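You will see two complexes here that share subunit A, one where it goes with subunit B and one where it goes with subunit C.
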Partner chain A sequence: MDMKATQKKMSLKDRYRHLTRGLDWETTYQPMDVVFPYDKYEGIKVHDWDKWEDPFRLTMDAYWKYQAEKERKLYAILDSFNQSNGHLNVTDARYINAIKIFFTAVPQVEYMAHRGFSIAGRQFRGVGPRVACQMQAIDEIRHAQTQIHTASNYNKYYNGINAFVHQYPRMWYQSVGKSFIDDAITGGPFEWMVAIGFSFEYVLTNLVFVPFVSGAAYNGDVGTMTFGFSAQSDEARHMTLGLECIKFMLEQDPDNLPIVQGWIDKWTWRGTRFLSLIGAMMDYMLPKRVMSWREAWDIYFEQNGGALFRDLARYGIKVPDCVAQAAEAKEHVSHQLWAALYQWNFGTMFHTWIPSPEELDWLSAKYPDTFDKYYRPRWEMWAQMEKEGKRYVNAGGLGANCQVCQFPMIFTEPGDPTKLCHRQTVYKKEKYHFCSDHCQHIFENEPEKYIQSWLPVNQMLQGNMGGGGLEEFFKWVHLRPGIDNMGFEGSEDQRNFAQWRGMATTNS
Partner chain B sequence: MQIDLRTVEIKPLRQTFDHLAERFGDKPATRYQEGTYDIQQTWLYHYRPTWEPDLEIFDERRTRIRMKDWYDFKDPRQYYYGAYTIARAKQQEAADSAFAFAVENGMVEALPERSRELMLQFLVPARHAEWGANMNNMFMSAYGYGTAFEAACNYAAMDRLGIAQQISRIGLALGGEEALHAAKELWLRGASWQPLRRYLEDSFVVKDWFELFVAQNLVLDGLLYPFLYRHLRTLISADGNAFHGLATKFMSDWDSEATRWVDAIVKTAVAESAENKLLVSEWAFDYFGRGTEALAALAVAAFGSDAEAVVGVITDELKARLQKLGIWEGE
Partner chain C sequence: MPVAAVKEYVGVARDTVANYHGNQILYMCWDGHLMLAAPFSLLVSPEMKFGDVLTGMVAPILQVHPDAAHINWAEARWEKDDEPWTPDPEKSIRDNGLHHKDFLRFSTPGLKGYRGLGI
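What follows is the complex of A and B.
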């Protein structure tokens, strides 16, 4: 073979092309449809995988180099945070309850994202998306692990994080996040990309990371802040991947539009419901507040998301209908959810409390149209009851779960915040309940999927959560009633934090 | 004199998470343990996959291997993501400087024609085989059971992409884009590469992830790596040029490290039960035959009359390894 070494310098784009797409070939000993069996059944038509525009061009040598540098820094900071008892520098031990909610759910969801991207990283027949998904797969296990490693030190000193592996499938409210990601991974690879790559990573992730990580920074939590910032630089890559995937599908064939629009509608609502938990954290759990949930929604969803949807309009994509309801709900969900967590606090692994008078005033200022009218009176009544030694507990148990998002029926009717919203439908002679029109529509599009939902309230009544009684439930879910939960005032966490901070800051 | 800096000491409530305390007792866990054990959920999935409705999202029935505890498949290297990327970044740095040293010192231009041809015909097309190995390890990461096993497969998949890219850089250094095109042509149509391509394409449709592990990581790598990075290297350095050795340092280092992991996994599966042992033995035997055929086709083209001896050495070594793992009876 006679061959001269080419002298001309290759462009980065061409080089990257050789180092990724050039590797692939059309199989002939086995049919391509058998090698890649899952990228057609969802109905997405792809005519030319080569039209995929690589959203970032990272070869493995560069990937290892950048990521190793980030890991070295991250673990150096974590080690020093742990060694110097950095947890005692947080504003107030109440704050630690916010990260309990995060650490007991998010690493597991990140892990599922890792598996979902492993599937996509094997199953797309186009090399461009396949390689990009592989990198996201390994990034996501990074996020799961760095979060667990950050949680590890908190777990040694505070209650409620110790049983996160047991509680992820068992804790009633965790089924909201778990059903969300399980729903996504059981879809095909294209729906996965819309659910996680686009709706979650692009449209909604800033609502998790920015407020949560800023919350950590505002409240002196260097550990959480560090993994958060470190993960954010991966997220930037993930966001461009999600957006590229949407554009690719829409550019490939006009028949793809209604399918993609349906997924965007579904996953925007699924994500919005899931994120209500972050709303409660921001408005009620951070001793030093960053901004209200409503403000975060305005900036990260309405402004940023609005610009995105304007950009996608040229492909025929419309803003999902659910956005109108979400815009109204931003005034309410955090209050409704914190009230739910307060009254069912005996079944969670974190503490709750009634906002202080100052905090009530902050909420009034942030929610001038709704807080004083609908929510302050309830908190003042419950504060009075606590004072009289009659802390309100909803012993009657939870209402029904929504068949789709799996929240208990705690959210109110659009247009009437005094009335709980409840929808129902009959499918194959069985009755199913929903928290909203949008969850009902999601069900009606795929009833065979959602009749499979494992709903905590039903399971409890059937004796499938430890046996039937509360005592059995506590054991089954690894909860120590009164130690892991209920009022923060007088809790072991509160006592220990005060004592340890005293040891660290005084000589007595 | 040693001075201990004092930090305020407070007594922790517990040393580790409940699930790790149940396994190892309440003592501080390693970052590998924290990032690995029991992280994959094992029950209550809400929905069946639309892509495989007969099975759960994670389902033990995706392989015929049976384990009481899937976390027995631990990684002897104890890689969690941080440890993994830091190790690879170091290896890559060393490989880059070796490669740069060779290029800067004119070793590519000085490469005797025979060596150059050998590399173009027998090393550069192997980038496609690495890409196949990437796909197979992604499959094991996607459908394998338990974080211990599958996370290591995700790392291995990225390793194989990295190696495919490293081989491509060698191709570009040897002959620019044309070298890569010619290599692909050989991969697709060259007679000596077809048995290997068929082996890989057949492996792409294997559904049992442990069978795939045996086919790819144990047998095929066990045959191909000694061929490419020992015997071919020896043949080329006989021409008095170290380019091959310097340019493929990463692969040799990687192979000896990965072999430790692969052997640990196989050993564990085999030790679990007679049924596992029988299955793995059958798989190993079957793929050994097909893999040897693929290797022989390449060896004949590269080594001519010495091919039989080369194949004999490589297959004997693999047999000895399989014997040690308890899955090869007789000679």
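What follows is the complex of A and C.
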């Protein structure tokens, strides 16, 4: 016989209160500082952890329920996409190169975010943030998994994705994303929350998900679109957590302000640089475009982000200095990066191409002040070279890497788009080089950290990439030159897609 | 400011000259020629003559550019550490005072890039 319930079922609010307040205790066998040794050394002062307010107030049982429902929907659509050869419904096989970049980098970053939130979920002595971080840690591993499951279907049919785990720590351009997340995870828990929870999840996440996932939708990629929207509903919670953490630190003690401001300055710039890759994808890789990178930047960074910084002004937070440079760079970075990927395409696991005349016109219209003046002539020159059978390859010119963001120094001087930007400093008698003032400042703030950077070109010159030459590099990184990379025109991907789509739509 | 850390934190520099087997890195940037997406990295021996670096290593990298055939190295203008600098092509890298990871910019008067656009 069932026992009679003596009390009414607790409300969600009460259950959340018990989970994040009632279940916690002050340790007595060991001092709290020994049990939680990592939440003070960054200098953040906290007087009352109970002041942590999580607007979502999510309990574990509610969390499992919501997430399970999302998974069921996602995998039903993914199965249907896979079984019906949905990959043949994308606008063009060229599009698949955009998701190759995404699928070989982002799941790895998500996985590291999972690790980072697991670590933060242990390090905070306040149980509210601890519980929220643990849930986000599960979200992040879910994102890595759903992305890999979506990618696996593409991997059956197309080149370039097959070695993504092996390549993540080896592929030269992957060091941009890898160094970003590794930098964040090696900070303390509060810096981690600003880096990922605030700067990436709040200030910049829309620039990854909304334009790119809309790009998938525009280009008929139902698989990518579905995992994107499934992840996006988690992001709403992540953004709230990031913002709550910022407000919590700023309300706890006025001494926290300069530390928090320093992290916001650093991570806004780190994120801005990292997202240049998304810019190149949006402007150059989507056969059917959603909007230009500049437009996405205007809406999601300048308008939405601007409103956020106005909101934080009452705490004394200032808009980071780097934002002015980023505002100018939005006219340039996508073009500079695609030009770089085109000339170093022999070393990547995706194809590149020269924009068609119609696409060049689209870029001219979207970038009326810069494209025709600085970038169109490059493409016209290289198109002519391709026509003459001399496809431009910059094989000997291994680009010098920035010590902080690890991009090759492809970005131009603020105020002068005709001159490559370079900064340098000396630390302990050793010279270090940077792509920008902001990367230099980040270095100078914590030089002992960044002198350890694993710069791909320098590693190659040390002989640590399978030897020292390009052939050894290809073997070491598991790259098949000419199959996984170089021109999309004439590639195996292009041929197979045309053949399979032909089989799906005709009787011959 | 040092790294915020729970104990003394000392990093190990990953790119010191000792890791390059007797060679050193020399970075170069050809100003006004953005066809090359970034400054390039050369692995040079300190005994190499600067002129040999130009003809043997730099020229092959640049030769893809239509201006490359017209470069007169004797007229090139150099900058090191943001100051004008004059190399002696007959002297070695070491005797030109070049250290590991030095960064040189050079411009080639009269050569203004593809269609005169700095590309």
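Here is the rule we use: the second predicted complex is superposed on the first by the 493 of 508 C-alpha atoms of A that agree within 3 Å, B and C clash if a C-alpha of one lies under 4 Å from a C-alpha of the other, contacts with A are read in each partner's own complex, and residues count from 1 in each chain.
Convention: a residue touches a chain if its C-beta (ideal position, glycine included) is under 8 Å from a C-beta of that chain, and two chains touch if they have at least 3 such contacts.
Model, not experiment: these values are computed from the prediction.
Asker: Output check: A:Gly188 vs subunit B and subunit C. Expected answer is one of first, second, both, neither. What do you get?
Answerer: both
Asker: Check whether A:Tyr158 is in contact with subunit B, with subunit C, with both or with neither, and answer first, second, both or neither.
Answerer: first
Asker: Per the contact definition in the header, classify A:Gln134: touching subunit B only (first), subunit C only (second), both, or neither.
Answerer: first
Asker: Looking at the overlay, what does A:Trp379 touch: subunit B (first), subunit C (second), both, or neither?
Answerer: Touch partners of A:Trp379: none, neither subunit B nor subunit C.
Asker: Which partner does A:Trp267 reach: the first (subunit B), the second (subunit C), both, or neither?
Answerer: A:Trp267 contacts neither subunit B nor subunit C.
Asker: On the A-aligned overlay, A:Pro408 touches which partner chain: subunit B = first, subunit C = second, or both, or neither?
Answerer: Touch status of A:Pro408: second partner only.
Asker: If we overlay the two complexes on their shared chain A, which of subunit B and subunit C does A:Tyr38 touch? Say first, second, both or neither.
Answerer: After superposition on chain A, A:Tyr38 lies in contact with both partners, subunit B and subunit C.
Asker: Once chain A of both complexes is superposed, is A:Lys449 in touch with subunit B (first), subunit C (second), both, or neither?
Answerer: It touches subunit B and subunit C both.
Asker: Looking at the overlay, what does A:Tyr300 touch: subunit B (first), subunit C (second), both, or neither?
Answerer: So A:Tyr300 meets neither subunit B nor subunit C here.
Asker: Would you mind checking which one, subunit B or subunit C, touches more residues on subunit A?
Answerer: B
Asker: Name the residues of subunit A shared by its contacts with subunit B and its contacts with subunit C.
Answerer: 38, 41, 187-188, 449-450, 452-454
Asker: What part of subunit B is in contact with subunit A in the complex they form?
Answerer: Residue list for subunit B touching subunit A: 7-8, 10, 12-19, 29, 31, 34-35, 38-41, 43-51, 57-58, 80-82, 85-86, 88-90, 92-93, 96, 108-109, 117, 120-121, 127-128, 130-131, 134-135, 138-139, 141-143, 147, 150-151, 154-155, 157-159, 161-162, 164-166, 168-169, 172-180, 182, 184, 187-188, 197-198, 201-202, 204-205.
Asker: For subunit A, which residues count as touching subunit C in their complex?
Answerer: Answer in residue numbers: 37-38, 41-43, 187-188, 191, 336, 339-340, 343-344, 374, 377-378, 381, 392-394, 396-400, 408-410, 412, 418-420, 422, 424, 428, 430-433, 445-455, 457-458, 461-463.
Asker: Could you pull out which subunit A residues touch subunit B in their complex?
Answerer: Touch list, subunit A to subunit B: 1, 3-6, 10, 14-15, 18-20, 22-25, 27-30, 34-35, 38, 41, 59-61, 63-65, 67-69, 71-72, 74-75, 83-85, 107-108, 111-112, 114-115, 118-119, 121-123, 131, 134-135, 137-138, 141-142, 144-146, 148-149, 152, 155-159, 161-166, 168-169, 175, 178-179, 182-183, 185-188, 449-450, 452-454, 478, 496, 500, 503-504.
Asker: Across the complex, what residues on subunit C touch subunit A?
Answerer: 1-6, 9-16, 19-21, 23, 25, 27, 29, 31-32, 34-41, 43, 57, 60-61, 64, 81, 99-103, 105, 114-115, 117-119
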